[in-house]
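Below is one structure; the comments refer to it alone.
Order as written gives the chain letters A, B, C, D, E and F; numbering starts at 1 within each chain.
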Amino acid sequence: MMRRLFPHPYLSVTLALVWMLLVNRWAVGSLVFAIMIGVALPWLIAPYWPNTARIKAPHRIPGYLAIVLADIVKANFAVARIVLFTPRSDLKPAWVTVPLDLRQPEAITALAATITLTPGTLTCDISEDGRALLIHCLHAPDPAAVLDEIKTRYEARLKEIFA
Amino acid sequence: MNHIIIAPVILPAVIGALIILWMRSDLLLQRVFSIAGTMLLLGVSLYLAWLASSGDVLVYRLGNWAAPFGIVLMLDRLAGLMLVLTSVMALAVQLYAFGSGWDRKGWHFHALWQFQLMGVCGAFLTGDAFNLFVFFEILLIASYGLMTHGGGEMRLRAGVQYIAFNLAGSILFLAALGVLYSVTGTLNMADMAARVAAMPEGDTALLRTGAVMLMLVFAIKASLVPLHFWLPSTYANAPGPVAALFAIMTKVGVYAIIRFFTLVFPQDTVIESVVMDLLLPAALFTLVLGQLGVMGTRNLGRMAAYAAIASVGMLMIAVAQFTPQATSAALYYMVHSTLAGAALFLVVDMIGARRGDLWLRADGIMPGNAMIAALFFASTIAMAGMPPLSGFVGKLLVLDATRAAPGAVVIWGAVLVTSLIAIYGYARAGSLVFWKAYETGPVKAVIPANGAPLWARIPTKLETHEQIQDLGDAASPTLAFVAVWALLAGLVALTVFAGPAMQFAEATAAQLHDPAGYLSAVLQGQEGTK
Amino acid sequence: MSPALIAALPFIGALLPALLIRSGRDVAATCCATATAIALLGLCLHIPAVMAGEVITASFQWLPQLGLNASFRIDGLGLLFGILILGIGLLIIGYARFYLGRREPVGVFYTYLMLFQGAMMGIVLSDNILLLLIFWELTSLSSFLLIGFWKHLPEGRQGARMALTVTGMGGLAMIGGMLILGNIAGSYQIGDILAAGDAIKASPLYLPALLLILIGAFTKSAQFPFHFWLPHAMAAPTPVSAYLHSATMVKAGIFLMARLWPVLSGTPEWFYIVATTGLVTMVLGAWIAIFRDDLKSLLAFSTVSHLGLITMLLGFGTEGAAVAAMFHIVNHATFKAALFMTAGIVDHEAGTRSIARLGGLRRLMPVTFAIGTIAALSMAGIPPLNGFLTKEMMLDQATQATWAGNGSLIFVLATLGALLSVCYSLRFVWHVFLGPQRHDYPAHPHDPNPGLWLPPAVLVVLVVLIGLMPNLMAGWLVEVSAAAVTGTAPHPHFALWHGVNLALILSVIAVLGGAVLLALHRPLLAAVLALPRPNAKRMFDRAAQGSVRAARFVTDRFTNGSMARAFTGFALTVLLCSTWAFSTGNYAGPRRDMLPVEPVPFVGWVLLMVATGCMVRFHRNRFLALVLVGIIGVIVSGSFLYLSAPDLALTQISVEVVTVVLLLLALNFLPKQTRVEASETRRGFHAFVAALVGLGFGALAYVVMRGGFDFAPISEYMLANSYKLGGGDNVVNVILVDFRGYDTFGEITVLGIAALTIFALTETLMTGASAQRLASWQYDMRRAGARHPLMLVVVTRLILPMSLVVGIYMFLRGHNMPGGGFVAGLVVSIALVSQYMASGYAWAMERNHVPYHALIGAGVMAAGITGIGAWFNGLPFLTSAFGYVKLPGLEEFELATAMGFDLGVFLCVLGAVMLALNSLSRIARAAGGTVNDQPMDVDPSQTATAGDR
Amino acid sequence: MELLLSSAIGMMTAAGIYLILRRRSFAVVLGTTMLSYAINLFLFSTGRLVVNQPPILRDGVTSYTDPLPQALVLTAIVISFGMTAVTVMMALGAFLEGGDDRVDMPRADRELPQKHEAASDDDDDAGGRA
Amino acid sequence: MIGEILVAVLLVLGGFFGLVGSYGLIKLPDPMTRLHAPTKAATLGVGSVLIASLIWFPSQGMGVSWHELLITIFLFLTAPVTGNLIAKANMHLTWRKQDIPPPAKDKDWATFAER
Amino acid sequence: MIAYALAFAYGCFGLAMLFCLYRVVRAPGMGDRVLALDTLTINVIALLTIFGIDRGTGIYFEASLLFAMLGFISTVAYAKFVLRGDIIE
């Protein structure tokens, strides 16, 4: 019953928040409307999102986000340095295959997005069975280290968050 | 305010919307609603024409906004006349589309038809320059759909040209409106007229530019040479009833020229020389080229198309005089050429349906059909301006109205010489199509399959994707004949009642050439508006 | 009987056989004969009055504005012609009944014949020259049908066309002439015109009017140089020839000259043009007739010759000549109709009209021989037949005429004409009936049944009787008609014997010379055939064909289907006309100061210019071109933002994206490259034209932007009242949904129709040639395996609801801030499209339960109903209302009817965009594209469970 | 600023015209798109250029740019989008039916195919082809 | 004042990263490496600017506007996807299958799979 | 100070846009072009935001939001086209 009414509870919250951010007016009327949207829209789009993400530890999300954000800032400096100062000839791009323990599409996507947003790595593809990600590194003298960082720093954390 | 004034726009819009909402796959319902709608439209138009015939100019202020800030609809004699003409013609042609089975050769014929009528009626009624643009676009976009109804290579190719050329025309329209707005600061036609009349002498360059650009836009719609390029292939390749309906489309351009250059830019304003210097030569060239096309073409469909061009030339010769007498002659000729052009296109379609193609070729086969031959004869007589049909009367009226005009000799010469050209062209075409068949003897009719285009099929293609089908596939051939006869009956009526018809035309012309009533109807007495 | 009714009777008669088309020859003939007989009777009832000098008129108002009235008159001239037309018509109707075969469409024939008869009666009874013109053209049309009646004969078609063209040309010239005439006289009534003779002759427009009218008359009456059509009209069935080309149509020109004789004749112009033309025609026609092999052709040229004779007489402009002309009209009609019918009998019975294959029919067809001989002798002018009478009168008149001071030229030539006339007349008798009987006639000749020979016999009796008793039989008629022509009261006395005078001597010379000439016929014929002769038919054909080719050349030059040419014409026309209009007006120079250039817009400008330049340079790489379109769109929309138009920017960028999606969908099937096709010069020219137009339009834009308003723009009112009366802060939105909501109503309709059109087009593509092409479609691009990438699917699932939120937000705030139904509709549809792109058409479509068609319909209806709602308050369509609502616990918010309208906009936009994109993407299904039932290429959570099992 | 905008309008117009003069429907679509941009900017500019005064009523602000041309341009944008969509579809249809994306009408539109040329007669049999 | 400094710093930072991102687009040697520059640098570039804006308005007493936050979230959400798709496009267009390490034996990357 | 920062940012993003344009036009493959267009859109968003700070108005945020959304979707469309030809399949 609850699942029929709220097919995507996290989405409902997100959408209500988005509405509040949009109207940019923290008043009762807006909140009522935000709740209406939070209820109605997920229900409306449920057919397009049949199996919702199963999250077991939502409280770990902020921490994860903080790490990612910090990494993004670092990444940017790193990339900037490479772009500006590394001569073309010194550049060592590399392909890295990341075998996946994650199975939920949402979880894999979260990992892939993290990889892309952080230093010098970019998620390029997924294997045809969905059990590995293909990463391209802008400048990776040691590809194994990259793989290790991804597995331990990000995937492990995501495994804790997603069921 | 009389709400019926907006009915010619709302009625087809609602019927079109209803058709796509609830009956988009039920042809029978569509036919019933669509034809009933057009009949109702005819009734409404007659009522409005009757209202307008009193000589009052009726204003409908949309959204209850005061002019010139909101959009107004204007009902005067000219608008009433055009509405009646449109609905009469549309009803007959629609019956033909039903009778010939054209309406089942593709989707949405009736919805597009209604929207087309909405666009045309809206264009005739509006009193706002930009709104005219909008309704031009409505009638154009519906015409794109109708023009390519049924598909086929040539039709689509012609459609691409048609749409591209008109797109350019629409862009020019916007440019002209922009220029005019930048000078006058208004879009309401009556208000614009008042401001044009009061325009300081030092600011006329832009005004003239805008006026000329606007005229060129309308010239495209009217297919005046050298802006006529889009017409021959479009009309020749359009489905018969659609081409017939398009007979009113060129008239929308003519209407707009008459409207703007009697109301907004009358002859005694700064625009003076603009019109006469450009319009009359263009009209003459149009007439000559159209009639040459009638004679020179090898295809009946193109012949009818060139006939349409020629009739616009003739019409514009009268319009370009901008005298009450010439305008009334033009109005008479407009009614005539619309009905006659529609009839010709329908007859040509009948021939194409029975003969398989429209080429004028020695081995063409037209099974002896006295009825179609008679219809062809009658409609070409009408188009050629031969007696006893109204074309001759119209021609006399135009000649009479231009006799004192500058360049009268050229006008008369062009009209008379091109008449001869057209007579020869029609005689040649008719004798090839109808008489020559007797040499080879009657042969079984080749009926193109559903969706097969009217344009002349190359025989190799005939073998590959057309089958021989019996006439039973068409919905009701009798109805198709009735439709054509009805149009011709209209011409006969126009001839017999030429006197009363001209009385109305003269009253209309008088109203047009003295726009004071129009102006005061719009700009004064706006109690109760926002 | 009213003249109008007399003129109308043949038309009524024409209707009957058309209505009774299946009831056979007898019924048709009877109907027509009855109608004709009644008309003739009615006409004859007026004889006493006309004899007494009355003019019987009847007039109905038709088109008084033009001076065109249905006015009819019966005077002597009309009476003469009316009797001829109806009387001979009656005989022809009988003759045709027996002439035409059982299987021929007799009903149609009689309809045409009666139409023609009616048209002729109309001409001769008209009292209004415009009305006369109408009937005049009708004779051309009906004779076209009659000449081409035998559709299986190419000569019939060609002859008909030639006759129509030549007489049609004359008719058109006459329109001009008549209008001028009426203009000078101030009326188109014949009575008024006849009264204005002096004014007309004095007018500077007399000569043009004369020339134009004479062209009409000459073409109709086959006068040189327009004579050539008549022989070719002989392809018509003989009753037609006998009727049209002896008594009626060819006499219409003569009638016209006679009708306008008081107005136009008597001037040197008239004399020299008309008399000379008649003289030349008379001699030339007779000369040619001598050598014709076809019996009907011989008669045709003899007709040409005799019409020349009458024309010459009218041209003399004297009363006596006019009398002679009138008399000869009667005589010629009688003997020539009889001759044509005789020729028809010969053709009918012997199976040929070729004189070379005839001869010796005297004994086989004695009755026919007798009829033919008497008629031919009359034509030769042998006493005591009626032809002799008028030949004498003609020669007498000729002796009195001088041509440019030369007193003998005319009568010498006239005698020559008479001599030649004797020759061909005798030849008709000699070469057909006399001589040895042959054994090789194509058929077995014998006298026909009386139905065929009685009508010519009646005429031959008249020929004899008029010859013997001219005053009793025809004199009175000639007298009244001549009186009507000249406007005086001539009292001629006709007699066979005038004593020995110059005319008689000339006549004798003519007869003897003619006989001698016939004796010399064989060597003469050989000599003539050896001479080069102009072939009128070939010349006409060449001219016609040349005109057709020229017409085709011109039209093809102008409209050869080339878009580039058409567009160049368009662009240059617009440029030249606008430039001319601007330069002929007053331009006082810029009035507004320029805005300073800031760095950001400058960068945008550089970007725009470069991108546009690249667009032109690289447009052949179509994908790149699309990317550049994206860039330009972004910059244009940025410019709108910069220049205080946020609503525009939102709309522009949304439309931009949808357009790109649309173009990408299409490009999938189109070639990815545009080949270079135009030559360097051509491209250069195009670039030049483009640059000129660009320059012009740019300059116009500059002038507009620097210009000031002379009048306050109406938008000031809108700014002032947007909130007060429209209830919205976003003036643009209030304009869209309120001030000019009607425009928007039209605009969404356009969008809806566009989608419907796209849908309908796709449907037809699924059945036509394209369906076959698509069925075997080979993609020209290698395709990657990433159909529905996992990441894309997951993220768009999140984007969809978020975009919907944005869409709702845009919709709700539109009235007060940038946004509105249109943008909202686009945002939502783009969000939906992203779902389609991510998870595929089939999968997404399966989850969509809203028919897009219905959305469009609902949108138009919603907007319409909101508009109509105002009617219930007695207010016009689209009158808006708004109010502020306060729900308990919440702050006040605004409700406006304009929102209902905006909802219509939203629905219509959503439906239209989705329907269009859907339709386009369906094409790929027809191209063999498979559909997916899974939303993503690989779903590890699914495969994992599958693997675990 | 006015100079920048008008030169951009001119440039886009020229590009649009040049593209329309190419012989392929895709180029024509690109060209009309360019022309649409140009005309939208032009029509917009008839309200004269104003920076940072969007026509959205705010307290204390009295000067706004002319909103009317903006509304007109909005309508024009939407309409030209509909038109473009139909053009694209029609061009695609013509390509799929005919096998090429030329915009010029083929000769077969106005002339008999060569095969029949011999049998055709311009003027019936009058031309003397017996 | 602090707000102003912060905003200025963020603006400079944003401008710098924006420029670097786009510069990388033209400087880096091949399509795959070029992909790295803008997807990250431009994200932070525009992100900084958005944060600057988020700070600026309240610091000027014009009320807080959360829209910038929304845009930032949106960009961060979508950038990986565009990066992924363009990378796939590059793989598809310019890379041979054998030059990229396979995910596992007998398995292919999705882009190279037959679909 | 803020003015200098703004000018600097304007300059950076303006220049960045030109770089993007260069890459759109001069690119070995279609992937680069799509990437450059995507980057260009992002730069425009940045410019709009800077402009909003400069002018002290929040009126441009909706546009930025829409640019972000639509930029994403058009990039997806372009890329999907390069990959599959058919963007909706």
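A few notes on this one:
Please note the rule applied: a contact is a pair of C-beta atoms (placed from the backbone, for glycine too) under 8 Å apart; a residue touches a chain by one contact, two chains touch by 3 or more.
These numbers come from a predicted model, not from an experiment.
Between chain A and chain F, the least number of touching-chain steps is 2. Any chain bridging chain B and chain F, meaning touching each of them, is among C, D; the list is complete. With centres defined by CA atoms alone, the chain at the far end from chain B is A.
Chain centroids computed from C-alpha atoms place B closest to the centre of all protein C-alpha atoms shown.
A straight line joining the Cα centres of chain B and chain E is 57 Å long. Rounded to whole angstrom, the centroid-to-centroid distance between chain C and chain D, based on C-alpha atoms, equals 32 Å.
Centres computed as Cα averages put chain A at a distance of 44 Å from chain D. For this pair, chain A with chain B, the centres built from the Cα atoms lie 61 Å apart. For chain C, the set of residues touching two or more other chains reads 154, 157, 161, 544, 548-549, 556, 561, 563, 567, 642, 646, 667, 697, 700, 704, 713-715, 718, 739-740, 743, 747, 750, 753-754, 757, 761, 764-765, 768-769, 783-787, 789-792, 795, 798-799, 802, 806, 817-818, 937-938.
Within chain B, residues 130, 134, 137, 141, 144-145, 148, 151-153, 156, 161, 164, 168, 175, 178-179, 181-182, 187, 232-233, 297-298, 428, 431, 436 each touch two or more of the remaining chains. Of all residues in chain D, those that touch two or more other chains are 20, 25, 28, 42, 45-46, 48, 52, 54, 56, 68-69, 75, 79, 82-84, 86, 90-91, 93, 97-98, 103, 105-106, 109-110, 122-125.
Of all possible chain pairings, those that touch are A-C, A-E, B-C, B-D, C-D, C-E, C-F, D-F, E-F. Across the interface of their complex, chain E is touched by residues 18, 20-22, 24, 72-73, 75-76, 79-80, 83-84, 88, 91, 93, 95, 97, 99, 109, 112-113, 115-120, 122-129, 131-132, 134, 136, 138 of chain A.
Taken together, the chain D residues at the contact with chain F in this complex read 52, 54, 56. Across the complex, chain A is touched by residues 16-17, 20-21, 23-24, 27-30, 32-33, 35-37, 39-41, 43-44, 64-67, 69-70, 76-77, 79-81, 83-84, 87-88, 90-91, 100-104, 107-111, 113 of chain E. On the chain F side of its complex with chain D, the touching residues are 55, 57, 59. Listing the residues of chain C that touch chain A in their complex gives 785-786, 789-791, 793-795, 797-798, 800-802, 804-806, 808-809, 835, 839, 844, 847, 889-891, 893, 935-941, 943-944.
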